[in-house]
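Chains here go by letter, A, B, C and D, matching the order in which they are written, and residues are numbered from 1 within each.
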Amino acid sequence: MLIVMRQNAPKEEVDAVVAAVRAQNCEPKPIPGGNRTAICVLGNRGSVDPSLFEFLPGVIRCISVTKPYKLVSREIHPENTVVEVNGVSFGQDNTDIPLIAGPCAVESWQQMKAVGQALKARGIRIMRGGAFKPRTSPYAFQGLGDRGLELLERVRDQFGLAIVTEAIDHVNYDRVEAVADIVQIGARNMQNYSLLRRAGRGGKPVLLKRGMAATVDEWLMAAEYILSEGNPNVILCERGVRTFSDHTRNTLDLSAVAVVKKMSHLPVIVDPSHAAGKWEFVIPLSLAARGVGADGLLVEVHLDPAKALSDGAQSLTLKNFDKLLNLLNI
Amino acid sequence: MLIVMRQNAPKEEVDAVVAAVRAQNCEPKPIPGGNRTAICVLGNRGSVDPSLFEFLPGVIRCISVTKPYKLVSREIHPENTVVEVNGVSFGQDNTDIPLIAGPCAVESWQQMKAVGQALKARGIRIMRGGAFKPRTSPYAFQGLGDRGLELLERVRDQFGLAIVTEAIDHVNYDRVEAVADIVQIGARNMQNYSLLRRAGRGGKPVLLKRGMAATVDEWLMAAEYILSEGNPNVILCERGVRTFSDHTRNTLDLSAVAVVKKMSHLPVIVDPSHAAGKWEFVIPLSLAARGVGADGLLVEVHLDPAKALSDGAQSLTLKNFDKLLNLLNI
Amino acid sequence: MLIVMRQNAPKEEVDAVVAAVRAQNCEPKPIPGGNRTAICVLGNRGSVDPSLFEFLPGVIRCISVTKPYKLVSREIHPENTVVEVNGVSFGQDNTDIPLIAGPCAVESWQQMKAVGQALKARGIRIMRGGAFKPRTSPYAFQGLGDRGLELLERVRDQFGLAIVTEAIDHVNYDRVEAVADIVQIGARNMQNYSLLRRAGRGGKPVLLKRGMAATVDEWLMAAEYILSEGNPNVILCERGVRTFSDHTRNTLDLSAVAVVKKMSHLPVIVDPSHAAGKWEFVIPLSLAARGVGADGLLVEVHLDPAKALSDGAQSLTLKNFDKLLNLLNI
Amino acid sequence: MLIVMRQNAPKEEVDAVVAAVRAQNCEPKPIPGGNRTAICVLGNRGSVDPSLFEFLPGVIRCISVTKPYKLVSREIHPENTVVEVNGVSFGQDNTDIPLIAGPCAVESWQQMKAVGQALKARGIRIMRGGAFKPRTSPYAFQGLGDRGLELLERVRDQFGLAIVTEAIDHVNYDRVEAVADIVQIGARNMQNYSLLRRAGRGGKPVLLKRGMAATVDEWLMAAEYILSEGNPNVILCERGVRTFSDHTRNTLDLSAVAVVKKMSHLPVIVDPSHAAGKWEFVIPLSLAARGVGADGLLVEVHLDPAKALSDGAQSLTLKNFDKLLNLLNI
């Protein structure tokens, strides 16, 4: 950390800061400049809290120099982490980009069976489907809950598909974990640290969506929670952030993929469906995601979007899904 | 809802939309304009999901007309809800603006005792203090946990102060509720619907912070979750939202207070400490919050911010707190 | 437009709104619902100003139904506009994505000559280079001005390259237009309507960058200013928008490309250099831009970024530019 | 500036950075830490461009330490700048907050006369009114132009009111300056540096609105352009920024007022009308602005908002304006 003093700060102010740094068992290193002094803070393990110094007389700013994450950092762990699920590898240089597909919500066995068959026929090996749905309105369809998990279990067994589904609290994590091959933590829960710790103690890979207003640093810190509890298998998922931009539901931030690939060894995939909010933009955004180097795609597919119980507008029909596979040369 | 068709959409497209609306048990009402038709959707209870129609051929946009919340809406419940805690009323036209004050985190009995005494001496009747702290980094101080709750209990009993403290998951909600007079749900958990439902089933008033990227509609919908489970005592708390603006930690959105007062009957208070991130801006923002008509203030006070275990930079010293009380004529 | 009344608004309020709509020479069409009335406004040419009705008693919201642009709209002009410059077509389905490349700023003849040669050798036909640079600080390098235009003229003549350079005010527009094959209007001037009108009266194609906080609608409205003055040759350019996201200088909003292609017939290209702010992310973002269907790329190239007078950090070296061309199969 | 190297960067990389800093006539000061070196850059006048070093091998980040503005900085000029216009002082500790009021646009002599009389009767000494209106749509009312300036001149002479009106380009700056007592530069032109320089060469005080996506640093830099050309009389005006928040037209960022008061000696006022977009929120936001310590208010008043040619929805009627004056004890 660097502590910047005001111009011509008197010696007493500088000395007081130096003492405060020492009190934190860190080594202060004052650097006198032309008209102002800055004080480097050395020897800290992890990051030092700037708030410890910002209020001291004469201090103008405290600037963090090192990133606050460790286990997820590529600086410390240079090789890619590869998460393998049902023969699909996330984080490897693949010829084909891995696809996870399926409906927003589990609705019925009839639906699950039909979509499971369709995915299997197309060589898709991982299926998504929500049993517990976090919804903005308490009056909206909240998912089939445990009944939905049973249907996912059945589709998994019948078609040999791996399953991704979301856990929303401690109470249902055990049950979700028993069924899912990958447990999803949704954007709204990205900073639900209690849930992240639970995921870290679990044995299943975790799909961690980026929060709607999370910086890349905060997103990686959320992954750090999971790794710090012992679970190394985290797949990050960019799904759009909230901005003033109103032509899509969220603003898909594809640069985040390139930045995460640089900062971290974890695989990072893209969910164009939730970002766009409209099916017609899912195909171009999927191609863009492949272009930027994403380690996979998470795409909503529904056999009859008009009858979907949630998010029909962003779901691809099978026909459009085939068009996407074709454009991806899969 | 209003469904807008493209220019000169053929009759078959309009008819298909009309049929889709009827299939939802709503009444379609086509309005032919000069060169385009729009279809009004009537008879819906609650809001209809636009995604049910957006993908239909010829549909350009679906526009929601009514707000999706009911129980929290002032249209339906015109009188202010007044939440009373320890003789303090939130939501009433008060001469003095109610204050909740205290440290960011519970740190020790010595600290609690000193701050409890100081608050009592100043006529403050409600104290804040975190026992469970959601922190961005897993390596940061996470609060004293259950031991923190014990200290809060003790300070409450000894000084007759009501207590506000945060619950972060189901596991600790029961314990927090037993100690707290107001249970706080933090910004990061504003869309943790599982936790909101738990709060709705509880008997204690809930302080619901606005999420960092939540619209006013989403915030009120989060409150609707609580009310819909039977708990009418919700105090909303504006604490800044995330924007590009980087001179404060978050951008305090005081217009939200005025808008919430219009849209809802619930009381709404302001937390200038977390919004600013720096103590020196807490005083002017507190005065601004009073100006805009906030029903209360939530202010961080620490006897020795330099030694605070979290958020010292945004905590007022007692001296500055006295300055604030003085400026507020309290 | 749709005017939404409060629940059970009395007849007098509805009648007053109806009269106000008529006063604007529009046709009001009240639609009584279960518990509230909405009033459709028909017969308006262009968009009606919602502010004309929003303050009337009983009115809750005014909702615009039609988009406010006409000449740029694909609804009205379904075929792509193709802008041709020096044998390069923007807006056509190209096998190869068109590239515009060159340094951020014109610095010297030596630089211009070297980069001109290098671009020509690689088959690039359009070169960028700023003579007038809008800079945040008055103390930063502001470009060579008229001398820079002379150097651009010379490089154009010597290497047969078309030139893109920016005009920043009326005073220099004539001069820029005389030299440039495409006149750039920068992000900071996207809502400088006086300059847009001047561009609309000019004879050269205009490269219109998206403003840092402009919605797609506002961007298209800015283009509408140019078209409405008689110049149909506008190339839109997405260059990132301002959000809370801090890992790149701006957040490249590639979904805007897909949305613009749907809403408008104008070509839209992408500037990954200004969006990223760092050269290492320019290559993946270029590939993403091609994936999403952009009609071209605007890429900064500098022979020696370490000595660039502006934006060296985001400039590709020739070696990296070759890598990009290779990845694009150009 | 501080240049952060990667962990265990070899000596050659550090040496290369040291050499690059020297090449800029600055003094490099390497600070070896536990596992990484940082290099302080001393001796620079103004700010050094980080892009000069960011691309060098081994460099992870360049961090600016000092703020880039000088003339507007309170560090250098500790006393408040007071701008006096027609007996009103902006920037002084006033008992009453100064008010500028008037219609969004100049519409007719009848309107000007009536509002001029009304303002004079209420003791208001400065009137606003737009003759040149920057509008998102080319089809919207663009102001009366030169005819509007004539009406402003007449109202000034007849009622002894000072006039604030906007200049939008070089062409009309001379004419505006001849009539206006304060020349406004609007939010859309905050980074129109050509116009800022013109304002800096002018003799009239300048009201500089904050751009919709401008940080406080950029806003102060825009003011620096004006001061650096010789005009010290700048009044800053916060008018809301663009965020995801959709309940008001823009998000009024009142913390910016407190921060500007700390960073700069220039007066800063607030425009609640454009921020809110709805008249009903103008009063609470005005009281909030006074609370936060604003040096003035810029409020839209229209005798008959229903007939306003622009922005009627955000204009106070005289009755509501009287209510505001009453609440402000003016």
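In this text, a residue touches a chain if its C-beta (ideal position, glycine included) is under 8 Å from a C-beta of that chain, and two chains touch if they have at least 3 such contacts.
Remember, it's a predicted structure, so these values are computed and weren't measured experimentally.
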Could you quickly compare B-D and A-D and let me know which has more C-beta contacts? B-D
As a test of understanding: of all chains, whose mean C-alpha position lies farthest from that of chain B? C
Once you find the CA centre of chain A and the CA centre of chain B, what distance in Å lies between them? 25
Starting from the mean Cα coordinates of chain B and chain D, work out the distance between those two points in Å. 31
Here the gap between chain A and chain D, centre to centre from mean Cα coordinates and rounded to Å, is 38
Would you mind listing the residues of chain B that make contact with two or more other chains? 213, 241-244
Per the contact definition, I'd like the list of chain C residues that touch chain A in the complex. 213, 215-217, 241, 243-248, 251-259, 262, 275-276, 280-281, 284-285, 287-293
Could you list, by residue number, the parts of chain A that touch chain B in their complex? 20, 46-47, 49-52, 54-56, 68-69, 134-140, 168-171, 188-189, 191-195, 211-213, 218, 221, 224-225, 228, 242, 278-279, 305-306, 308, 310-314
Residue ranges of chain D in contact with chain A within the complex: 2, 4, 6-7, 29, 31, 33-34, 36, 38, 40, 42-43, 61, 63, 65-66, 75, 242-244
